[in-house]
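One chain, chain A, links the two complexes that follow: it is found with chain B in the first and with chain C in the second.
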Partner chain A sequence: MSANLSGIRHTRGFDVIKPLSIMTLIIVMMPLVLLPLASIFIFGTSNGLRSFWNALTAPEAIFALQLSMVTSFWATAFNVVFGLFAAYVLSKYNFWGRNALIVTISLPTAIPTAVAGFALLLLWGPYGILGKYLEPYGIHLMFTAAAIILANIFVTFPLAFGVIKPVFDTMNQSLEEASATMGATRWQTFWHVTLPSLRGAILSGALLTFARSVGEFGSTILVSGNLAGRTQTAPLYIFAKFNEGQVEAANAIAIVLALFSFLIFSVLFFARDWLEAE
Partner chain B sequence: MTESTGKTQIAVTVEGISKKFGAASVLEDINFEVSEGETIVLLGASGSGKTTILRIIAGLEAPDSGRVILHAKDVTKIPARGRGVGVIFQSYALFPKMSVEQNIGYGLRLRKKAKAEINEVTDGLIELTGLQEHRKKYPSQLSGGQQQRVAIARALAYNPEVLLFDEPFGALDAQIRTRLRREIRALLKEIKVPSIFITHDQEEALELGDRIAVLNEGRLEQIGTPYDVYTKPATEYVATFLGAANLMLGIINDGKFEAEDVFLKIEGDVPVRDRQSVKLVFRPEDVFLRKPENLTQNYQPLTDGFIEEVNFVGAFERVVVRLNISTRQPIIVTRPKTETTAFPLTIGQKVKVGLVRFRILPNYTLASERASRVV
Partner chain C sequence: MTNKIKFGLTFVLAISLFMMSCLPSAPGGRGGGKAARTITVYGFSVMKESLEKEIYPAFAAKWKAEHGEDVSFQSSFAGSETVTNQILQGAPADIGIFSIERDVDRLIVAGHVPNDWYVTPQKGIVNKTPFVILVRKGNPKGITDFADLGKEGVKVIHPDPVSSGGAQWSILSIYGSELKKSEAETGKRDEARALNTLKTIWRNVIATPGSAREARTQFELGQGDALITYELDALLMKDANAAVDVVIPKSTIFSEHPVAIVDRNVTAEERPVVEAFRNFLWSEEAQKAFVKNHFRSATNEIFNTTNAQFGKIEMPFTVEYFGGWSKAYPEIIEKIFRDQVQNK
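Showing the complex of A and B:
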């Protein structure tokens, strides 16, 4: 963990600034971050574990969790492969429009997720610019699991790319040159030399994309139609159950998602050294 | 192409290589050959183009004109992977996620050799380079010297046409450098693979090379054995780059070197015309200093002078002598311990300066003179 620790003594006796500033930090974070997170667990287990378990194992709840996992998996798989490919091309080759492409790939983070979902509907919906050509063939892309995957791909597009490209940029060119002089084709060099060095970046890119995907709400609620048991992901489930007044049901899934995010970010945090290792 | 027995074969030919980067000419008409089993050192300062030549031979850069021929095959148009060269990079470029064994076997794995063969060759090379204890380790666990040995073993695994070393000792401590230099030289003599080193370190060049090629701003100034290049430099740049040199301007008059008050008889053939402007070149270790009363016969007297500075430099003494001519030119002289104990000299002392050996080089002050080159 990087830090900029200072060993200077600023006062003659006891320095009250240090404990004071740490306390202030925690006090500010309390109502904004720490307490909200704690509330999920306090409230969710207030009626006992049995109640919690029942809410969790309701068929619609299980379906929502499964759907989230599956759609996020496919979105992640696509974005990691594409991110890898894009990072390679944009790092290795210089061409007119290169910077424009890099900016375009990074755009999805700046676009509000509701706008992203809406845009997808405009394109692929039954009266959409392209969707209207698919409609006569009975191909409905929107309001399906496929739509959720498309929306997730859009929204998490730059994440894996953003983690992988810097590794390409700072990679020692001599390694690839050495491989070439030893007789390797471009593909052999990529497979044997470049890819192993990208292991860490690919993994953190994948974890980041997956976590973000699971939590996606704004675009999903538009393109999926929020149909319980059909196209309702976990975050949508929480929203729907809360609107229906079934707070406990919502709470149970909220706990699962919160724990899941903690898990992913713990891995990203504690394994950082291994992930960034040369 | 077969050569008659008794004559060494040529392994590498570099013919008419030129290269420009934008408007700047980086290499101009480079020509040289490397014989089978020979080690050539390309010596030059940064920016002299030596790295570019190496990369062109390896196939990592393309020349603007000229050819590269490896074992009678013109490889100029062939990309790096088809040339079969072994390159040892300055940073060694070992594959970080592969062990020492896997690094060494990489070239053979690429060529889809049988496992048994790969193991046999790898074992042999690990033995040759003394890496037995380290074979399962990863590059990050090795010292600089060990990494270098892996780099060499890795390049040798697929029987390269030539070994190319890019300033291989730059990243190492001075003590390790000298030891490794000797080890590498011994190794190269044993395996008899032709090698090309590039370096800016003249001591390294003198010790490593069977022949040295001195490069100056993209041009090959001289190529020859260390002895030839050192004692008979062809140009002022070579004289001052390899070892130290004192220079004095003068002319040739009636077959003798003449500067004001200085007359030197020139032995042997000197390719200069009468009345031509020349530079006298002599090395600090070839100067004889004696008090007027301690003269001996076996040197050519230059002129008189007096001692300006005396510096103790460990194994010898470095003296600055101010010459008694109108230019009051200072020269550098080094005196070995045998001289300094037998004939100690102090600051201010008047001395007679004599030369044991010297060179005469044409003085290229005019562009036209340089262009003609042949005198």
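Showing the complex of A and C:
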């Protein structure tokens, strides 16, 4: 297609544009993405696989990875359910302030994550607007895993919604109407008609949210307390090790996260196809 | 794709999701069973090694022997000002070890630490270390004293005074050393000369990392020609065989590091063990461990003769030279550094 656009005829034989454009793609990606990623792998394993393995299996490293997974899981669970609900409401009903709500949901995308962090502190911290009323009851949200989940929810708020809503918008209304005419309840229609066509969008929304949560740093470092083995997530662990000058330990976990996102986006790529192909 | 494969994949996904949601119960259980007491320590960046390698295990063994209880530690390290801000925001520190006394003052004002926190031996100071200059192996830029850092073409890494206590020590060190030298030469503190040296050095600063430790990492990764830092951190780098040389300025400051119990976070039940840990920091055992890890002892100068790597400083001084932190911070860090050097 690119050949047609650029006006070069290729009625038969070899299309020069194809290899050229692929090469350009890779050459541009080289210094921007591929080499930086490669350097993580080179540095992480520079002292041999043995010390890479030791860095990886340090109890605090394993804990950090687990904590990242758990907090990201709950943030994802919430944001997917909420994103689904919000998308349903906002594409089904038209009401005053609807666009304002849509804009508000999308806001966290552009807000610096550090701002998200201290906004949460100002609200839920022991001296925060609401946090000070919880303090006497011994309820601490900040500097716990709950704080990390709240931060993840804030930062990834628009992602699942953003993927699900367009599918809602373009959904074939006639199917739902047919379902209703056949006597299905609102819930039955949603469960048997609406939801199945959303599976692909829900999965990609979930994976995007999860991937983004696992990598979250700016807000987490402010709200978590950064205690190794207690409230230190994988990105915080990487940062701490880097600051301590243990670049190799930092790289070991960075490699895990890099492979992990590779896995997530591979699943995203393939799974979406077969979920939607149905 | 067949239904069977699909079912299998869904099943695997469901299991892994279930496992992920369950994990929160697992963490936390480090350092032995439920009976273990845990002390939460927030420390400024370069405290990490000596605490984790020597002090924690030594205290845990002592407490176990005396009380039969297990004690475990959890800690977080960052720039001194950052640590203080975290505690001010409610971070669960039982005890804080800071680079500068000003940070304890900030906690007192906020009601986290009582006014009489320093009613301990050594006025709350656990250890000290002089400020030195770290250069590349062989000293290619020919740095011999602070003033040389202001020479044309020298690139300096200097931590950020906003977040790092070490950075503030460094500024006091540069400024005070010029006063001290001028005083020795002419009998008068030459403030114009001191300001000028600070200005020329700051022109050469190419990066201001958040803590002394971050600054060291950047230097180790090859940035800059020189780094002003704690002697302790410079010696730790030498121990790690980094290709660096230590330059001892003719005159430099001894940074003194206070410890304070964060009263607000310590329950009556935890108090004995937290206090015992703080007091342990002044014990002979702990002070010797600090010296071994290149801090200088705050309690006994004889311990300090046991570390052969310590540099000799011709004209040392402390923050008392400026009348203490309550004067040094507003008059030098704010009025001179911030207003006349940084914002110029």
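Just so it is clear, the second predicted complex is superposed on the first by the 242 of 278 C-alpha atoms of A that agree within 3 Å, B and C clash if a C-alpha of one lies under 4 Å from a C-alpha of the other, contacts with A are read in each partner's own complex, and residues count from 1 in each chain.
Assume contacts are C-beta pairs under 8 Å (C-beta built on N, C-alpha and C of every residue); 3 or more make two chains touch, one makes a residue touch a chain.
Being a predicted model, the structure only gives us computed values, none of them experimental.
Participant: Overlaying on chain A: chain B and chain C, fit or clash?
Facilitator: Fit.
Participant: Classify the contacts of A:Pro59 with the two partner chains as first (chain B alone), second (chain C alone), both, or neither.
Facilitator: Second partner only.
Participant: By residue count, which of the two partners contacts chain A more extensively, chain B or chain C?
Facilitator: C
Participant: After superposition on the shared chain, which partner residues are touched by A:Asn172: those of chain B (first), chain C (second), both, or neither?
Facilitator: Only chain B; A:Asn172 stays clear of chain C.
Participant: So in the superposed three-chain picture, is A:Met23 touching just chain B, just chain C, both, or none of them (first/second/both/neither)?
Facilitator: In the superposition, A:Met23 contacts neither chain B nor chain C.
Participant: Which partner chains sit in contact with A:Ala180 here, chain B, chain C, both or neither? Use first/second/both/neither.
Facilitator: Touch status of A:Ala180: first partner only.
Participant: Output check: A:His192 vs chain B and chain C. Expected answer is one of first, second, both, neither. What do you get?
Facilitator: The first partner, chain B, only.
Participant: Looking at the overlay, does A:Gly245 come into contact with chain B only (first), chain C only (second), both, or neither?
Facilitator: In the superposed model, A:Gly245 contacts chain C only, not chain B.
Participant: On the combined arrangement from the superposition, state the nearest Cα-Cα distance between chain B and chain C in Å.
Facilitator: Between chain B and chain C, the minimum C-alpha distance equals 13 Å.
Participant: Show me the residue ranges of chain C that touch chain A in the complex, using the header's touch definition.
Facilitator: For this pair, the touching residues of chain C are 1, 6, 17, 20-21, 23-24, 26-28, 30, 40, 45, 48, 74-78, 86, 89-92, 211, 213-214, 216-217, 220-221, 240.
Participant: What does chain B use to touch chain A in their complex?
Facilitator: Checking each residue of chain B against chain A gives 58-60, 79-87, 89-91, 93, 95-98, 106-107, 110-111, 140, 154-155, 158.
Participant: Quick one: which bits of chain A touch chain C in the complex? Just the residue numbers, please.
Facilitator: It is residues 59, 63, 66-67, 69-70, 73-74, 77, 121, 125-127, 131, 140, 142-143, 145, 225-230, 232, 240, 242-245, 247, 274 of chain A that touch chain C.
Participant: Quick one: in the complex, what on chain A touches chain B?
Facilitator: Its residues touching chain B are 172, 174-175, 177-185, 188, 192-193, 196-197, 199, 278.
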